[in-house]
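What follows is a group of structures, each given as structure tokens.
What follows is subunit A paired twice: with subunit B in the first complex and subunit C in the second.
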Partner chain A sequence: MALPARLMLSPLPEELEFIALQQTDILVRPHFTMGKIRLLSGSYGPFRATANIELPLWVGKYLKQQGKCALVPPSWLNPDWLEEKLKQEMSKPEEFAPLPFRYAEIAKVFLDIAPEDVPSPERVRSLLKDIREVRQAKTRKGLALVDETELRMTGLGSMEINELRPFLIRAMGVMRVLASVPEVPGTQDNSFAAGESGSRMEEDW
Partner chain B sequence: MSDWNTGTSWSNGQSHLPSPSPEPQEDTFPDDLDNDRTDPISLLVKAWMTERCSPDVMSFEGELVGKIMGYMDAQAKLIGVLKIDGASEEDHEKIGLVQMELDRVGWLLRSYIATRQEKIMRYASYINSTPAMQTRLSVAEQTLIESYQQIFEESLIRDVVGNLPAELQALDEILPDGRGMVSTPDLDKAVFIRTKQDCGPVLMPDGTPLEIKKRGIHLISYRLVEQLVLRGEVELT
Partner chain C sequence: MDNDYWSFESCLSEQQKIPCTLKLEVGNHGNLLGASESDLHVGGKVSIPMWLAPTLILNDWLDFNIPPPFMQRVKRALNADARSVRLSALVGNGGEWYGFGKLVADILEESQAKELQGVLLTTFKERFVDLMDQAQHFGSLPGSAADNMGDRGSDFREGLEMTERELFLLGQESAKAVRLWYESTDRKEH
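Up next, the complex of A and B:
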């Protein structure tokens, strides 16, 4: 079955979480002993109780949900570091404080399934929310810079990009049409063809 | 950008917590850009994301998909054998993980194939008349769009076009404003790119060079960065 057209506009947050689970390695402290295991993405183990082992996040999530391990949060997932970033975020209105590209997805997994392994999870949660809001305000200001050719967005996380994607890609398409040769409107722009536009905007927002 | 080393005091008085991972290096995080994974599943994740984000139809990763399907078969057989032999508790644990991975990879493969299917059906008529595009498709995909287009055109001619005056019967007409009846991928569509390395300057349409630095994230027309994407120097994201 072909993918539903609305999913072609932008990946779902769950799909980005899937990528983060697959592509991020974390430290796990197992509560059990098990020999080496060969998976498609690599070989892991042997597992020894209380000896930290590096595993893909999805393996850590699976074991954690079975109550078989504790997760070691990445060094940036703690209130002091995030507080520092929040300050930095507020003191530099022109740029985004550097955070891991998939910080939102990874933090969500940790706070969802292993809050007891995260130092002061409630503070972490509220700091992440504050950081997100400051960054959103910056993004909104940055929208004024959109033109038909290029926009530099270095520092944004994957989840933040995903939120902006449908709007920005469409906006840039519209500006490209406006900037193109005036007597031939809509040249080569299939997405701007009649019937396809219009209603989409409301769907996305 | 240089204050990574602050903020380590959080573990004070909370010694029951697992020790933190090593401090992030300046400017970098151990995320998926750094440890540039080359295992087949990570490659499939990248191919899937590229296909999702690119306006064009990319080349089918036939070799990779074949390899992964082979691995999946082998893992599934292994589970079968273990289950028949009566699994120990440790085997049980392993079966759970292997099964979980099979489910995840199976879903990923289906989504990759489905993404391509959506695109090739949308551009079926263009692909069928463009040999260069056909080389990007798997045999199954070629068969699919050939029969898809045949059915589509037959039905269109029978129910609609066949009843119109002869001069309106073409299925590949291009209107004066440039819109055509044959949908083609819009290569000028904007995409989000994330760079793995410093790339040479990209020449913008107005002639100015654009420096693309490592870890840069840009929203830019796909056509301008197509070669960088194909060479793997930038990722679509």
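Up next, the complex of A and C:
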């Protein structure tokens, strides 16, 4: 594989954002009127000024960047809801509060390109940061319980999983090797046996 | 870490030396085994690299002792506080303490092997949460702000052995990627 090493371990945060843009549908309030447009991914429209229309997030982002629409934030992206989740997060040290799987990506897109459409964006931003920190502390506690076969943490978001992934995969691999039963001495050289070695090398490369 | 022929880490673990006692006369081959004289006698002590040891031991030409990085003294220290032991000092810079330990465990008898593997595994588990913590901390700090960390932290980092160092890098890189992503913006400047 000719990919740079850092791309082989896990998707980049940018790639996760891309996936979130594709998968999430949001409400958009266009500032213009236009008929249906047909794209490879589907047809969107017809657009009517000030009438909400459901579109994939990436279309909404594109239109917003052109200044052609306002975005309607999802129901969870407001200070009250997030504050409640933060409380929940603090009061239950053992579990993660249920948040949308791609909350980090979606919130980032909204706060980045459309802060004026989000109610009190600065508070939302700081609440999200607090939530992230509380959850990171929990992740650390959860990691102490990991062993070579499994790790139980439910309710992590995609970005959080992704951040752990390279480290955790490697660490569990190390633990698996350390816990494995020794190979029976004398049988480990079988890979040099005739016929097998050639095909094995091709597979490995 | 794994026993793969192509793995650099396994090469590095295999070049650690294990102290052995001869069980047969070796004439004229002393310098091959790293001794100063050319004839070696029964009971003589030699250090054999780990990749060579299993074959010689299996053929009953050598007896081996537990190598210093896994002796009782070290085990006691690990028991007291695994995080304050400098594993890198035990196997030399860039050495593989875990990999070496696993290789030694593989040639021990079952009960001893189990015990040593237990030590390796608990040590790894006790250290890796701290490791993750520090790696994330370093990844999420911009630039040189990371220099002003507490002393205990820097001692711990210097004591990391090779596998742990790689893990540290992995954790640091992903934390850095996430930080950069949070800082990036697609907002068009008007």
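What we mean here is this: the second predicted complex is superposed on the first by the 179 of 205 C-alpha atoms of A that agree within 3 Å, B and C clash if a C-alpha of one lies under 4 Å from a C-alpha of the other, contacts with A are read in each partner's own complex, and residues count from 1 in each chain.
One rule holds in what follows: a contact is a pair of C-beta atoms (placed from the backbone, for glycine too) under 8 Å apart; a residue touches a chain by one contact, two chains touch by 3 or more.
Keep in mind that what you see is a predicted model, and the values were worked out from it rather than measured.
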### Query
In this superposed model, does subunit C or subunit B come into contact with more residues of subunit A?
B
### Query
If you stack the two complexes on chain A, which partner ends up touching A:Arg6: first (subunit B), second (subunit C), both, or neither?
second
### Query
After lining up the shared chain so the two structures overlap, which partner does A:Ile113 touch, if you call subunit B first and subunit C second: first, second, both or neither?
second
### Query
After superposition on the shared chain, which partner residues are touched by A:Arg165: those of subunit B (first), subunit C (second), both, or neither?
both
### Query
Touching A:Gly173 in the superposition: subunit B (first), subunit C (second), both, neither?
both
### Message
By the touch definition at the top of the document, which applies to A:Arg140: first (subunit B), second (subunit C), both, or neither?
### Response
second
### Task
May I ask you to decide whether A:Pro93 touches subunit B, subunit C, both, or neither, giving the answer as first, second, both or neither?
neither
### Message
Tell me the contact category for A:Ile19 with respect to subunit B and subunit C: first, second, both or neither.
### Response
first
### Query
Which holds for A:Pro46: it touches subunit B only (first), subunit C only (second), both, or neither?
neither
### Message
Output the subunit A positions appearing in both contact lists, the one against subunit B and the one against subunit C.
### Response
165, 173, 185-186, 188, 191
### Query
Which positions of subunit A touch subunit C when the two form their complex?
6, 9-10, 12-14, 17, 61, 65, 108-109, 112-113, 136, 140, 143-144, 146-148, 159, 162-167, 170-171, 173-175, 177-179, 182-183, 185-186, 188, 191, 204
### Query
What does subunit B use to touch subunit A in their complex?
1, 3, 6-11, 14, 17-24, 27, 29-33, 35, 37, 39-42, 45, 49, 52, 68, 71-72, 75, 90, 93-94, 96-98, 100-101, 104-105, 108, 111, 114-115, 117-119, 121, 177-179, 183-186, 188-192, 194, 204-206, 210, 213, 215-221, 224, 237
### Query
Taking the complex as given, what residues does subunit A use to touch subunit B?
1-5, 8, 11, 15, 18-19, 22-27, 29, 32, 34-35, 37, 39-42, 52, 58-59, 62, 66, 68, 70-76, 78-81, 83-84, 88, 98-102, 117, 119-120, 149-156, 158, 161, 165, 168-169, 172-173, 176, 184-191, 193-194
### Residues of subunit C defined as touching subunit A within the complex
1-3, 5-6, 54, 58, 98, 101-102, 105-107, 113, 117, 120-121, 124-125, 128-129, 132-133, 135-136, 163, 166-167, 170-171, 173-175, 177-178, 180-182, 184-188
